[in-house]
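Following this line, the structures themselves.
Shared chain: chain A. Partners: chain B in the first complex, chain C in the second.
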Partner chain A sequence: MTQVLGEVSQSWTAKCDQSKSEAFLNSLDPRVRFVSCVLFAFLISAMHDLGALTLALGIGVGLSLSARLPLWTTVRKVLVVDSFIVVLLLTLPFTMPGETAFTLLGWDASLEGLYRAAEVGLKANAILFSLMGLLGIMEPSVLGHALYRLKVPVKLVHLFLFTVRYIDVFYKEYKTMRMAMKARGFYPKTDLHTLRSIGYLIGMMLVRSLERSDRIMEAMKCRGFDGRFHILNDMKASQRDFIFGGAVSIIMIGLLVVEYL
Partner chain B sequence: MHIVDGALSNPVLIGGGVLAAAGVAYSLKKLEPEDLPRVGVLSAVFFVVSLIHVPLGFSSVHLILNGLLGIILGWAAFPALAVALLLQAIFFGFGGLTVLGVNAVNIAFPAVMVFYLCRWGLSAERYKLAKLAADGLFAVFFIVSVWAGFALFEAYQVEGATWRVSVNGISLALFAMVMIGGYVLYRRGILSVAGFWGFLGGSLSIFFTAIMVAISLALSGDEFAKAAEFVIVAHFPVMAVEGILTAATIQLITKVKPELIHAVR
Partner chain C sequence: MSSLISPLIALRGLHFSYASGQDVLNGVDFELRAGERVALTGSNGAGKSTLLRLINGLETAKSGEIHAFGSVRQQEKDFREVRVRAGLVFQDPDDQLFCPTVAEDLAFGPLNLGKSRQEVVSIVEKTLVMLKLEHLADRITHKLSGGQKRLVALATVMALEPDVLLLDEPTNDLDRDTKQHLITLLSELPQAMIIVSHNHHFLNKVATRQVELSNGRLLEQAA
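Presenting the complex of A and B:
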């Protein structure tokens, strides 16, 4: 549906065999997937034991594998996200006081700091993998419907659906305007001219978006909009969803056991 | 800018989640169903804008523009940003699910602050007052920078003529530099009065965001205290970039479609 989000989500799934045999995870009820992903993420972020966290990372990778994410795009994705935390991980051993593990250029790296860095890195990756496996391949609009069925405030769901619907439209418009700038010899540099040009570009996008939103509102009123959206997709949990939910809760209890024993 | 999963402690995560939920609930209550398409479409624009990279020296920064978002959307910036962050977390892997609340508060709260601090300066009716306040603010920044200069010089003396100044001292000096830079642009006629207030909004919101990120890191443990100080310093180039961009955008809007500023009640 949306190309900007879909580029990512589609490239994560294997394209060829999608019609024949859908990944098992993708056939589950979106609500079950969303709730188990959120619970799993919060459980992981509350854990501290390295063994339990490694296990959680393993489960996350397992989920990603069973969602049939293609290998290299996923690895690239993970590397991009990990590059954000690499600075934090590298400085942690040196900023945390404690027993000295080794000394680098006169800076003492503490054992506690190394432990903490490993903990943060494991947590971030375990959550990322389970997120990619459970939700990364979901259609954004389906996620919106799932949120609605989970009793998220209806205005927020509408906002979500509107945003998802129009991201693609404005991304195309952005690309068109950039093309027009390029045709006139615009090349981004670090100077006032670049900043001002991009600022004008954003301003133009805002102006057009406001005009478009007024047209949308008129079209909606014309079709009898009374402040409510009717979401037709009624989700039913089947037996396999209950089995999956049970399996997730058993895994989470297992992780808690490893954490505290 | 984004804090990833795993770094923050549980009390900070819970506190951020509660604050974000309260902010979203309050602004949804204020939001009329009539305005939903406007907020939704603007929030889509801001999602696209956050994908734009601006070159900065050898690397590039991606835009947040929470100042512009706050000026245009006001309180509606809260749900708009929460939605955008949820989409980014799920489909790009940036940020994360557990830190969603903290990230939303860190980015949306400065946007709302800027709405109250800077939006009045954009209106044509208060042109005179806005102009006067701009000059007054410059005086304040000038005094701050002189004071920062003295503080730096004093630190230089005390430490036996070696440069051992605190990271926070550097932050203060850089803050004054960015603000004076904005005022110089305004004085040279590159920015209009509304543009100057847009500059203030764009740069201050990033500054507040950096401070709030630093606070949430520092609250999570002493081991992040150093990282928190560096987060603030690292945000000054972003502050300048976003300030000028916001100023340019506001200048265009005030000329082309002034009613856009008051699009959402």
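Presenting the complex of A and C:
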């Protein structure tokens, strides 16, 4: 749990620092970036041709490069995702039936499995890189507003924004409690005491979040909240957004052509 | 004319006990008049925060009357108006600041009151200037420092343009400079206030009168 939460809070800070140096992609309308990203991801997941997928991966890496992502955090994120892919690469050839490519310790690796593993690996990375390039440098709050402007249900948008706002608070609370446990000599071992203590910790986190949500609700009521949310800022698409949108469409049609010809 | 003389908030014989049955307030009488800055002291668990929450209708009294802004307040819908006219600043600013950016958090209240976008934008700007927080307008709320969060939380309530401020331990985790800034600020504001605090130096500087909660009753303190 620590690791996952740690990842999140770190990548945000990194993103925030990054957004200060203005990359071209960051100057585009967030809605255009979001829609392009979603369409691109759908297209990639529907493709099967290794050539087209390699091309898509190249485009994704290009997007990431032009977004000027911080090198090390990006590498770390890619490694996390690819560690899953490696497991697939190792198991798929041996589990899919088909023509034998080679034999290892009496196990047959199938050509079909190898092909499928390569396909999955390419797809995942192509989507990951384009996601990081298009949305990775976007402040979560900006993304929230873009979703709202795209007519995503207001409740979902606010659920997203609240999560963004409070995950950090909960992480701090978790760290404080963990520190307090350590200060009294707690080290996780494989025994009942550890399990029980971790259980208490998680239970206390739940209780605290419930209490906090009550207090937040009260604070909102004190400012005249009546169940409706209002969002302040406006977004305007400019010429460069239409140009970018056009370029994305052409690239996607190009990918389709490579896929089917 | 009578509204000028009558208190902004008046509590008469207020009783309150926790859900567990433990009595906290045993007949509290209190009046807050325009221009007063009342320090509310008392030991831990004496019910200071509870008193503020009762005024705002976040808790319901067992018996007694709450008069606010010229009428008796009993039900949830009576308190809707009280809440925006008697702005409560919470103990933990993380409870209060929930919007992504500072400017949006300030806009939340006025937008709820049905003000137009232009009005809201000008209120936000005015409030930030008044509290000298203009430089924080586009910052992300959860990345502010403790002291900044506290001042922004105050600003979100000030953006409602309330008649009364209810401050629950406003000096918690403030350094000396920020505390001094807060003292100057509160002394200059026209609003009547009830300030819960344990910090006597702070209260002596800001408050015009002191009351103490003890054994469920409110005692007037000599200045």
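The criterion applied here is as follows: the second predicted complex is superposed on the first by the 240 of 261 C-alpha atoms of A that agree within 3 Å, B and C clash if a C-alpha of one lies under 4 Å from a C-alpha of the other, contacts with A are read in each partner's own complex, and residues count from 1 in each chain.
Heads up, the rule we're going with is that a residue touches a chain if its C-beta (ideal position, glycine included) is under 8 Å from a C-beta of that chain, and two chains touch if they have at least 3 such contacts.
Since the structure is predicted, the reported quantities are computational estimates derived from the model, not experimental observations.
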Open item on the list: After the overlay on chain A, what do you see for chain B versus chain C, clash or fit?
Closed with: fit
Open item on the list: For A:Tyr171, using the defined touch cut-off, is the partner it touches chain B, chain C, both, or neither? Pick first, second, both or neither.
Closed with: first
Open item on the list: Touch test for A:Leu261: chain B only (first), chain C only (second), both, or neither?
Closed with: neither
Task: Partner chain in contact with A:Arg212 - chain B first, chain C second, else both or neither - done: both
- [ ] Using the touch definition from the top, say if A:Gly224 reaches chain B (first), chain C (second), both or neither.
- [x] second
Task: First (chain B), second (chain C), both or neither touched by A:Ala183 - done: neither
TODO: Would you check which partner chain A:Leu71 touches, where first means chain B only, second means chain C only, and both and neither mean what they say?
DONE: neither
TODO: Check whether A:Phe162 is in contact with chain B, with chain C, with both or with neither, and answer first, second, both or neither.
DONE: both
Open item on the list: Contacts for A:Ser45 in the overlay, against chain B (first) and chain C (second): which applies, first, second, both or neither?
Closed with: first
Task: Lowest C-alpha to C-alpha distance for chain C against chain B (Å) - done: 10
- [ ] Find the residues of chain A that appear in the contact set with chain B and again in the contact set with chain C.
- [x] 140, 161-162, 164-166, 169, 212, 216, 220
- [ ] Give every residue of chain C touching chain A within the complex, in rising order.
- [x] 53, 56, 58, 80, 83-84, 87-88, 90, 92, 94-101, 103-104, 107-109, 111-113, 117, 120-121, 140-143, 156-157, 160
Task: Partner chain A, residues of chain B touching it in the complex - done: 2, 4-8, 10, 13, 24-25, 28, 31, 33-34, 36-45, 47-49, 51-52, 54-57, 65, 68, 72, 79-80, 82-84, 86-87, 89-94, 96-98, 190, 222-227, 241, 244-253, 256-257, 260, 263
Task: Parts of chain A lying in touch with chain B, wherever the complex brings them together - done: 4-5, 8-9, 37-38, 41-42, 44-46, 77-78, 80-81, 84-85, 88, 91-92, 95-97, 113, 116, 119-124, 127-128, 131-132, 135-136, 138, 140, 143, 153, 155-156, 158-167, 169-171, 174, 188-190, 192, 194-200, 202-207, 209-210, 212-214, 216-217, 220, 227
Open item on the list: Considering only the defined contacts, which chain A positions touch chain C in the complex?
Closed with: 16, 139-141, 144, 161-162, 164-166, 168-169, 212, 215-216, 218-226, 228, 230, 232-233
